[in-house]
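Scroll down for the structure; my scribbles are underneath it.
Just so it is clear, A, B, C and D label the chains in written order, and each chain counts residues from 1 on its own.
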Amino acid sequence: MSPAPTPSFEPPRPLHAAFGWLVFGFFIFTQAYAVLTSPADAMMGHLQKIMYVHVPSAWVEFAAVGVVLFGSLYFLWKEDERADLLAASSAEVGAVFCGLTLVQGMIWGRPTWGVWWTWDARLTSTLVLFLILVGYLALRSFVEDPHRRGQWSAVVGIIGAINVPIVWMSVKWWRTMHQIQSNPRSLSPEYLRGLLLNLAAFTLLTAWFIWRRYEAARYERAAEHVSQAAALGGIDG
Amino acid sequence: MANGMIENGGIAYVVAAYVITWVVLGALLAHAVGSARRARAEYDQAVKGGYRT
Amino acid sequence: MVGLLGHNGCGKSTFLRIVATLLKASAGDCFVYGANVKSDGDVVRHHVGFFSHVPGLYDDLSARENLAFAATMLGFPEADIDAALERVGLTHVAHERVRGFSAGMQRRLSLARLILQRPRLLLLDEPYNNLDVAGIALMNGFIRELNAAGGAAVVVLHDLVPAQGVLDRTVTIRDGRVHTPTAADLRHGGDSPQAITLPVGAAGIS
Amino acid sequence: MAFRDDVRRIRAIVWKDLTTERRSKAGFSAVAALGVTILVLFGLALGPDGKALQSAAAGALWLAILFASVLAFNRSYQVELDGGALEALLLYPGSRWAIFAGKLIANLLFVLAMLVIVVAVGIVLFAVRVPAEWAALLGIMMLGVVGIVSLGTFYAAMSSRSRAREVLLPLLLYPMLIPVLLASMEATKAFLLGDLLNASGAWVQMLSLFDVIFLVATFLGFEYVIEV
């Protein structure tokens, strides 16, 4: 009467290769489409085109944090290690996009505002989010025991995700106090289609990245389990 | 943010932003595919070794 | 009292730590007086006394202060600390800091903590280490007293000699399996080496 | 009944932590001296212009308190790790939150004592004009310290038991504390500079809100952190 096998020790069902090709094909198409079809903006000229990588990066970074939050909560609730591995993969991909968003924002800010950096609420909270994700990943790399690592990083992930809106709120308020206003501009419809297409492409791409990293993590855990079982006298039921 | 302040419509900045994005995404792609493949191979190795004992 | 034997690293201490709620088993269930160690940890901790291989004392508190702290934490603030100190023979150093104590004195102080607690299930991890002959006698006396009062004890041992007279039977863990003359009493709970089901009844390991 | 037991446990942990801290002698004075040293360094970085020092005083004070208290958080768990005391602590019956509450209160008292010294020195070094509403200012500092200590005590429970604890705690803690620090600094600054924008009220409200959120989150999360 052996208990149900722990799902995280099973090897994952790998994603079909065609999905990756489709996602990348779509991504290249949407990027080319948006860049080639969008007219130069009256105010910003071609700079506006940065939007097609910047806004989707920012969106998927927050979506990735959402997945971290979900995975962490689910792990604490059900103690399913797969949720922990999913959260970790998502944090990693999220950190990459977070860094990308920052760099793109700076490249856009330099010609627009004349400075590489401004303590704007969005920029600042993205930077803080990046630091929180780095901290999360550092914690994971410093803890070996899988159960402890899962539990600790789940809690850190949840509280980190809670902190994101709080940081945003406090920085926004901080700037209001110092009477610095950001001026948001509404988007004209001729740019909207390219942006929406890229948002979709980035979302799919991120999902694919996270899934691939998740697969790798599952294989690693399964391999660990197999060699552990082998060391204790072979695999049986 | 005055009109016409940006030379060439800021092409150089646009190119820089896209190049950086694609390079980073390319690196992430290589990392994701490579790590999944390596982990897969490691797992297969462990299974083979595990049954032999 | 049941002795738990086995090679180094076979999971004896791990087993005790799972029963004591310090570790969570990756598979299988464990019940102490009907309470699940995974889900009802607090109930289990009321029943279980764990004598670990580390003293678990505060170096900068005196022997008496350490026991007073333990008594409050155990929920017995009115416990007779002086009697416990007397019994383990540490009355003369009651007000000295634990930092200056020898390993054997620290073990005695840890024993005094168990005496305050009087647990129903005693878990002992190599309890005779660093104890002199008198200390061993103290330990065995306490175990016998608990047994007589209806308590049970599980002890991890590498040497059976000091436990003679208090040990009812032994269980050996080998290759993640339980080998015992009373195998019917111990159900093997899964493919994990840590997953052993030991149903513990009121009068000992049933 | 069980609740009264937990309150007794909290009191015992606070007493135990403060007693061991007091007896280890060098602990508190070293941490407080570090806080003062950081203030001196800030003074050198920002001075000697008196006006600049005055306007930077609030930020310097809070950062000095933050940097010094981070050492206190790791120390607070070091006591438990020596000789496996944490294991014994976890074996006692009772709620896990009582352990957190005890450690939190002990750290709070420790940091507040340090804050008194650091602020006193800061008032002198940065030529701070003490406002008439100094009691309210003390309240703000109290709120800020609660935020720092709740998250600090919480994260130190992990970092102190991991590799590289010296770098891990600040790496995890500082980004998380940005809202609390920002609110504390701005509220303090508004008070010290005569509350020109009447801004401190809003900051105090925000700070209280942050404190409540982080206290609830850390109290709920502690059980998961300490048990493994």
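Basically, a contact is a pair of C-beta atoms (placed from the backbone, for glycine too) under 8 Å apart; a residue touches a chain by one contact, two chains touch by 3 or more.
Keep in mind that what you see is a predicted model, and the values were worked out from it rather than measured.
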Chain whose Cα centroid lies at the greatest distance from that of chain B: C
Pair of chains ranked first by number of touching C-beta pairs: A-B
Where chain A and chain D are represented by their mean Cα positions, the distance between them in whole Å: 31
CA centroid of chain A to CA centroid of chain C, Å: 47
Rounded Å distance, chain C centre to chain D centre (Cα mean): 38
For chain A paired with chain B, centre-to-centre distance based on mean C-alpha positions, whole Å: 13
In chain C, residues with contacts to at least two other chains: 24
Residues of chain D touching at least two other chains: 227-228
Interface residues, chain A side, partner chain D - complex: 76, 128, 131-132, 134-135, 138-139, 142-143, 145, 147-148, 151-152, 154-156, 158-160, 162-163, 166-167, 169-171, 173-174, 177
In the complex, chain B residues that touch chain A: 1, 3, 5-6, 8-11, 13-14, 16-18, 20-21, 24-25, 28-29, 32-33, 35-36, 38-40, 42-43, 45-47, 49-51, 53
For the chain C and chain D complex, residues of the former touching the latter: 20-22, 24, 41-42, 45-46, 48, 50, 52, 54-61, 65, 69-70, 72-75, 77, 97, 106, 113
Residue ranges of chain D in contact with chain C within the complex: 5, 8-9, 11-13, 15-16, 19-20, 23-24, 79, 82-85, 87-95, 227-228
In the complex with chain B, residue positions of chain A that touch it: 11, 14, 24, 31, 35, 40, 42-47, 49-50, 53-54, 57, 93, 96, 99-100, 103-104, 107-108, 110-113, 205, 208-209, 212-213, 215-220, 222-224, 226-227, 229-230, 233-235
